[in-house]
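Below are the structure tokens for one structure; questions will follow.
Chain naming follows the written order as A, B and C, and within any one chain the residues start at number 1.
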Amino acid sequence: MSKRAKSSVVVTDEACHLPAETSENFRDQLPRIVDAIVESCHDKETVDHIDAVAIPDRESVIELIDDLRDLLFPGYFGNQEIDRNHLTYHLGSEVNVVFEKLSHQIARAIRHECHRSEIICTHCLNRSQAEALYFLEQIPGLRKSLAGDVKAAYNGDPAAKSFDEIVFSYPAIIAITTYRIAHELHIRSIPLLPRMMTEYAHSITGIDIHPGARIGENFFIDHGTGVVIGETTEIGNNVRLYQGVTLGAHSFQTDPNGSLKRGYKRHPTIEDDVIIYSGTTILGGNTVIGAGSIIGGNVWLTHSVPPGSHVVIEEPELKILTPKEMKRDI
Amino acid sequence: MSKRAKSSVVVTDEACHLPAETSENFRDQLPRIVDAIVESCHDKETVDHIDAVAIPDRESVIELIDDLRDLLFPGYFGNQEIDRNHLTYHLGSEVNVVFEKLSHQIARAIRHECHRSEIICTHCLNRSQAEALYFLEQIPGLRKSLAGDVKAAYNGDPAAKSFDEIVFSYPAIIAITTYRIAHELHIRSIPLLPRMMTEYAHSITGIDIHPGARIGENFFIDHGTGVVIGETTEIGNNVRLYQGVTLGAHSFQTDPNGSLKRGYKRHPTIEDDVIIYSGTTILGGNTVIGAGSIIGGNVWLTHSVPPGSHVVIEEPELKILTPKEMKRDI
Amino acid sequence: MSKRAKSSVVVTDEACHLPAETSENFRDQLPRIVDAIVESCHDKETVDHIDAVAIPDRESVIELIDDLRDLLFPGYFGNQEIDRNHLTYHLGSEVNVVFEKLSHQIARAIRHECHRSEIICTHCLNRSQAEALYFLEQIPGLRKSLAGDVKAAYNGDPAAKSFDEIVFSYPAIIAITTYRIAHELHIRSIPLLPRMMTEYAHSITGIDIHPGARIGENFFIDHGTGVVIGETTEIGNNVRLYQGVTLGAHSFQTDPNGSLKRGYKRHPTIEDDVIIYSGTTILGGNTVIGAGSIIGGNVWLTHSVPPGSHVVIEEPELKILTPKEMKRDI
């Protein structure tokens, strides 16, 4: 094209950082590279998943979460209008689809764990269907929980215009819905799948809730980016968090041989009716925030406070320089 | 496969947490579950969207944002090269597509609101087309605004290599472009759609700008994750923010009956030529950051500062323990 | 539908904010709008990409990252089970696909840069294939590095259940994998593509690592949302970061004519075996965190500390008000 020729500068190989072998047919070298990569799969120092059974795959997990949101909030996320006459048909068909997909992914997660642990499990299919069924039984209860969370958002955020806006667009609802789904699977000891679900929600909301956390009714997180809720956190009813709140571990215990201990309670307990403002960090398995407390923003808290406490930082001294002082200062 | 049989351990039902009912045909139980979920839709304690008109759907909203970005930055986001000869054809076809999609989603948003408010609106289609047209009229102006934002990024970030890199990859440009689109719809009182748009941008950038905020020219946010800009924030020209900055509400006013007041100014005003460094929180509807001020990182500010101020925290006392001291300390 | 008629309220044009021109055929006005947008493309004050060569496109870059992850962690991300017998075929086919895609995107990135700089490059295709080949040669080495990162995650996080869970679901692994890919292209001076890759990872993980940063072995970031690692950061081996850590620039140098200087070292150096807890900010090109140091959470550090230091904030004074005191206080 003439427009590409409008300059007469010619680039030398050097200017292009051109490697020496340009004259070869590059594709001829690919088999050598393939061999090197195959070789690297025999190396104990690398990580692969070869000769292992199929695993829950990320795309199916995302699809499953989307389908489950449609069951949990009927009529919000599909493309069609749903009226009461067709509700049974619609939900009936959705429930069947979710049963198939969920039991399939549970089976993959269980089988994967069994195989990795060198155990034969002849019951994977049966168990996965039983677990999927058990999960579906929880849907009406989950719907009530989530309605409480939506109402908590409306009552906690002056910018909220309607329940619909909250269900459609609030990241907290995505994160809490996904957490409540994942937690049900987590307490049934389904491996892998719950964490894949909450990490998907983390990726689209910036809210990182471990499926092992225990969270009460009417929970709300405003804005949400940067929130971390650790595996052994316990949260009561009517709790509200803001962006950047960490409920984390203070320090890790190690075995006598120096490797990390896992599973013990290392994240805090937040009792009923607590509000925690943005950027605050609360650490430690023995830390209890008493019921009805208000924890201000940017607080760093590693010990318990009694019910009804109001914790704020002494506002750090600020230096405010006027333009005149700034000139002297710089 | 023989590789699955390499262990002789046999898993008992118990080891698999196998529920009792394994011998049943699980699918026989699905209709009972469907009934329970349908039942839950008659419960006032849950949230659904049944017997309601169709709503803006998330996928179409995302598609619309992508199409609009192509109109706002011609040639950057499509797959084809655009030359000046074909520009009119290309933009002509794009404008038609956007008109159809945008008026369709606006119509859904308006109708949804009307129906939810139990009002009949016979003018939805007309209004939605008029609004789509009005929006498209704003495109040339928006293009100028966004060019200013791109230049502000280049002038504010030493890591920026070119305008192209900024348009292609900077999260701030996605967030600000989406905000400027959504704000135009917000000031026309289009419901639902603007917030869905900015929450989509929030999900992919970690930058949460409410469509109601008012933001001047040449605006830049570096890195951006965790930034929150509330509904009634006002930002002047040539303002630069860094990651983790919150422009938020200090406390909420309630009606005499205890429910939240909505809509009043509760977020700060940032005048022209202000820089706010990472992790800083500025709160309150009466808080005004005077023109030309520089607010350092990690500041917590709930009151106004005069023009030209330079606000920094007195660096908090740090304990620095050398290894020798650490031994004594632990 | 009768359900839409259940209210007798009729909306006036005014209530609908209906613009005056409703009776016109709105589509008739589109050509005028198209002309205005075309016009705006001749305006020096706007940004477009017209008469420029095709560019790396976001969707292909995402696809490429996904394909590369499959080469780097064989068997984890596909849909099929891979056994050792088929490994060579599988990887052979993948390597060919990646070679085509990668050299195509590199060619677009190089050509784009050349064209923008008004230089003719007759060697784009050759160079892009040579670069793609060079990159593929690094795969076995990258696999070792990444295995070290996975192990560092397991050894650094008590909530980690298995290597598989980490590879499947940890955002740090997505961010670090993408960074290690992008860094290889960055040091070969491939334009645009590396930053597009890391910004994609930023958008799904909240972790913003510039491809220019230099990062050693066994690197781990827990939770990760809000982490920023600047262009000229240097990080040693066995370093662990938590969410919200910024390794940034302190202030920018300008040329005599006032424009930003680019490329000089302005981000800190973190030596081997350092841990940096959540919310901490470390700034400046001359700041060196000595080997084996532990930097506590919420620290703001703009100067070097010697090896083996343990830096914590003096916990800011907290005001803890009991309910009785709160009444007096409010």
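Rule of thumb we're sticking to: contacts are C-beta pairs under 8 Å (C-beta built on N, C-alpha and C of every residue); 3 or more make two chains touch, one makes a residue touch a chain.
Quick caveat, the model's predicted, so the values are computed rather than measured.
Trainee: Check the residue numbers that chain A and chain C use where they touch, and answer same if over half are used by both copies, otherwise different.
Mentor: Copies use mostly different positions to touch.
Trainee: Nearest 5 degrees, what's the C-alpha rotation angle taking chain B to chain C?
Mentor: 120
Trainee: Using CA atom averages as chain centres, what separation in Å is found between chain A and chain C?
Mentor: Roughly 18 Å, centre to centre.
Trainee: Which residue numbers or ranges of chain A touch two or more of the other chains?
Mentor: In chain A, residues 3, 51, 53, 83, 204, 206, 225-226, 244, 279, 298, 313, 316 touch at least two other chains, as defined above.
Trainee: Quick one: in the complex, what on chain C touches chain B?
Mentor: Spelled out, the residues of chain C in touch with chain B are 3-11, 13, 16-19, 21-22, 26-27, 29-31, 33-41, 43, 45-58, 83, 112, 116, 191-192, 195-196, 199, 202-204, 206, 208, 210, 212, 225-226, 228, 230-231, 244, 246, 248-249, 252, 259-263, 266, 279, 281, 292, 298-302, 305-314, 316.
Trainee: In the complex formed with chain B, which residues of chain A make contact?
Mentor: Touching chain B from chain A are residues 3, 51, 53, 71, 73-84, 87-88, 91-92, 95-96, 99, 103, 110, 114-115, 118-124, 126-127, 129-134, 136-137, 139-140, 143-144, 146-148, 150, 155-165, 167-171, 188-189, 204-206, 223, 225-226, 243-244, 278-279, 297-298, 313, 315-323, 325-326, 329.
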